[in-house]
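Report on one structure; see the data block that follows.
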């Protein structure tokens, strides 16, 4: 009953099969193999337009490498205070971009709001070379607090970026959970809404270790590939990244896994609420942030549940994360145990 | 019959089993799992002293992160002109170290010679803050040209480093091939010879994607782990790196794989020599650099062999690389084909 | 009647004389000359303890080079939102430090408050390599809004830094104005209060172009000198920096200039208040931030005064800056003109 | 009798006058003043085409900032082994460019030869993202060994750069000495020969501290100005850089100073040769590299001459540098003294 993170889950059977399939014969290195060469087509089909795909093994790499191609070393990246790039990636953004500055802003439930974003940008005084000019906006979908931008919300942000000549990047570590929640086409919340590049996460949702940098502006590919190589993120046995990704998008595995995780989150949510928990934020993906009375929190722990306090949201707020492999029966069992106690 | 690189080989069965073994239950992320926590002990036993192990997925990451902990942004890294860090890792060293400079020197068969190294270091004029002072020496074992430093040769370099207060780093992308060739204990060519840190390669020798940064100076661990995180090389599902490494060193798998590859290289070498090829360098690991008459090179290609020209060594020099999975029977078959032609 | 900035003032006669004095004979380059070699002693006397002095030509260089010696590339620098390093130095801090992150906090009148600082630091959740740990606090004396920390206020911040093992840096671009205001000994608000290093500004207060990095922790000298050289801030004709600094601290020139500027600011303040202006912040140094009715602002402009609106403080807030050469008679003249209008 | 460097000379009277002229009234900061605004026109006239001028205080800054606008963080800069950027600027190039790599090549008397350069470039094996691709060639005029490229020699290098789509940069720390030697128009050895940008040195030739980045590709101005600011090289009292430069190019001061220095070098050369010294390189600017018998070297020192050994050229090689203020009578006096001894 480990709800500490979706990172605690193992790879899923389909991904394992894909790796096993690449366990025999030789193949060219560094992405020249047949498996790797299918990536662009597979993702172009998925997104319904031509894209360039550059896979890496971690979300931090996907985010930071993408951003290094979107901003100059003198520029600013507007993001939410809660953004992973702001809170969880050490000084990675400055490292990869050569100095670009994060410009955190607030917004409810870890989401940027278009109007507030516009007001923030309008309020920046341009003092030429002295000040840092925003060059990019970065949003997370689903957010770090388990909420999801609607297609309209992304498009509103995209319109502001276009108006102000800014790039728009999406951290999609939990992109699948967002699409599963919205029931939309992936295009609706990405390039059709003005997104230039996305880190398309798979690791948290059933892969072993792969996130795809998906470039809707394909002219960025060369720069991204240079940055990937020199930061040590180009796999020699590249097919082991590619095969995970192909399996991940085949037959909607990514969405099936995400739907399961989202559903488990709702089930867990309902159960917790029935015991008196209250929601800190809407549950739209696979993360719950709930207020638990100390006594309930203790009963949960005694029943064997693993989960983290989330002090930045308040002293009695806890995070629960579900995953592709969360066992619904275990939630029932957990309910039984804390009811009995 | 792919001799283009050892990177073309797949992962080996034992590594696949290790991954499969981690395909079920949940486990803590970022290295707190039981598998990952066995690493230090396993490698401390392997090297017969306390070490700190920080696994990453690629050799470039292992090399550059290690060096970032060994030199300042103002320092120099003395290496051979042929070194992978100098020739094959883009501007990665400067990126990770914040500006440190590679100082390439020559030497036969891609090896630094202690006397020449000492003379080079002695000849540097120290002009204080204006000039770049060497802070580290980096050697590759086995070298990029398939040769191997003896324990005495490493120790001689180590003694110079100690005398001049320099760090000594070893790029061990093919460390297993070197140990298999020398028949020595791993300690003999590392910490006992003055090496501070090594990138202990597994990817080329049967793993899917993992190289271990092994720190003999364990005080470097904190800095290395910070550099790993911010460069995006900390795996969330860390156990998939750790499990590969544990399988790799268990029951001497790393040496068995390397011995096979080395043996295949010798077999291939003998076969090629019997057809008139001449060696550009001694064959001590799993790489051959041979001079082929154009007609023989063509016959090889016609017979289905894949291999690369190596123009930096001469117009008619070719590289052949064997691996853990090289089929000795195929070398016989290749011999038959080119003999028949 | 140029109140746009203290940077609009020329060098003062004593500084010019010092340069003229170095206009003849030859002298060793790069700081080995007799003039430069007097710096450490002069500043050690000024601060009443042994210090190391490393002069550079600009405040941005002094700040960023100092910080690069105080924090790691993975660390955070806590400063006020209004800090020059946060608002006016482009992405300089990240550039010089190799990625360190500014952590801006609020406080009245551009000052950090010890209690709030401690609360901010206490609230940071340490998530190991994922999060950025504060390593340094940077304060500005006098602040960007013309206010001044008392010795007790600096000491309270210094005590927090000591308790939490953080470095304390002071941006002293207008240090002279602060000391002139407080009437204290320079030591009282620097090393005795826990400051590790200061950029001791001279440019705004009568010099041509020189700010001194003054290190109370003299062990930082080597690192600072390396950073100075590779960033192009080591003057070959170093005596032209040194001679400015020696003249600047001789016979209290720095304090005399600052006292004049501070006095002019108070005179200007009184005059403006008599016309209905209200203060946005206390006038403690040589900067005024005042609220002017649109009609008064226009009359000032019509009378020939140059000054900037300061929109970040409010729509009708304006900044006036006085300098060592502000003509008190001109303030009277200005008063006459706007009175007549 | 200080021949240690041209950096030991003071500023010249005309430069001092220019500074004195800016010693009174106020003026806008950061380059908006009238003096600074004359720079582009003055240098456009000097070079007989539209240029953009960005002044900084040191040659290292001028070189490194220029290069940061000419190459990517992944690129290579081909230069001579003896180049100042390779030997005397610490790790400045990597710092400013974000990692670009110096690719030193050999050539007689510190000069790149077009044919060898072309052969070097042709021999580079392009291995895509793995290898570093040259993006720029940097030459020094006059060179670090006191020799001068003819206009044809620069043009031949420029043609190769054009053919191979590389940028061409010129380190002109002693550009005046080169032009004075050649008797050519400044355009002949710069933009007409394919140079994209030059650091136009003044410091060594009579200025206090200023080198001008002159951009023949004026589209680079924005990037250069951003890099200047964030590296702390934008003067607040910018007029003190501008006034030096305007005085320097007015009435051919720069050439008059350089002609004097070059003439003094020839006089000193003749004198030394008459005592048995032999030249290590042709004397074309204001630097001499001569072989002195130990006994002669000692007599020189006993006579009061200051000069440096130059061990990289040989054990008995010494460097003498003359400057705008070298006293010809002192060379006679020196001759008398060593003749008498």
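First chain written, first letter: the chains are A, B, C and D, and each begins at residue 1.
Keep in mind that, in the parts below, a contact is a pair of C-beta atoms (placed from the backbone, for glycine too) under 8 Å apart; a residue touches a chain by one contact, two chains touch by 3 or more.
For reference, the UniProt names are A, B, C, D = L-threonine aldolase.
It should be emphasised that the depicted structure is a prediction, and the values quoted were computed from it without experimental measurement.
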Spelling it out: a chain qualifies if it touches chain B (L-threonine aldolase) and also touches chain D (L-threonine aldolase); which chains qualify? A, C
Greatest separation from chain C (L-threonine aldolase) - chain, by CA centre: B
Give, as an integer number of Å, the spacing between the C-alpha centres of chain B (L-threonine aldolase) and chain A (L-threonine aldolase). 34
Chain-centre distance (mean CA atoms) for chain B (L-threonine aldolase) and chain C (L-threonine aldolase), in whole Å, is 51
Interface hub residues of chain B (L-threonine aldolase), defined as touching at least two other chains: 73-74, 89-91, 95, 98-99, 129-130, 226, 229-230, 234
So in the complex, which bits of chain D (L-threonine aldolase) are touching chain A (L-threonine aldolase)? 72-74, 98-99, 129-130, 225-230, 234
Which stretch or stretches of chain C (L-threonine aldolase) touch chain A (L-threonine aldolase) in the complex? 73-75, 87-91, 94-95, 98-102, 125, 127, 129-132, 311-312
Complex contact set, residues of chain A (L-threonine aldolase) against chain B (L-threonine aldolase): 2, 4-5, 7-11, 13, 16, 19-20, 22-30, 56-62, 64-65, 89-92, 95, 203-204, 208-209, 226, 229-237, 240, 325
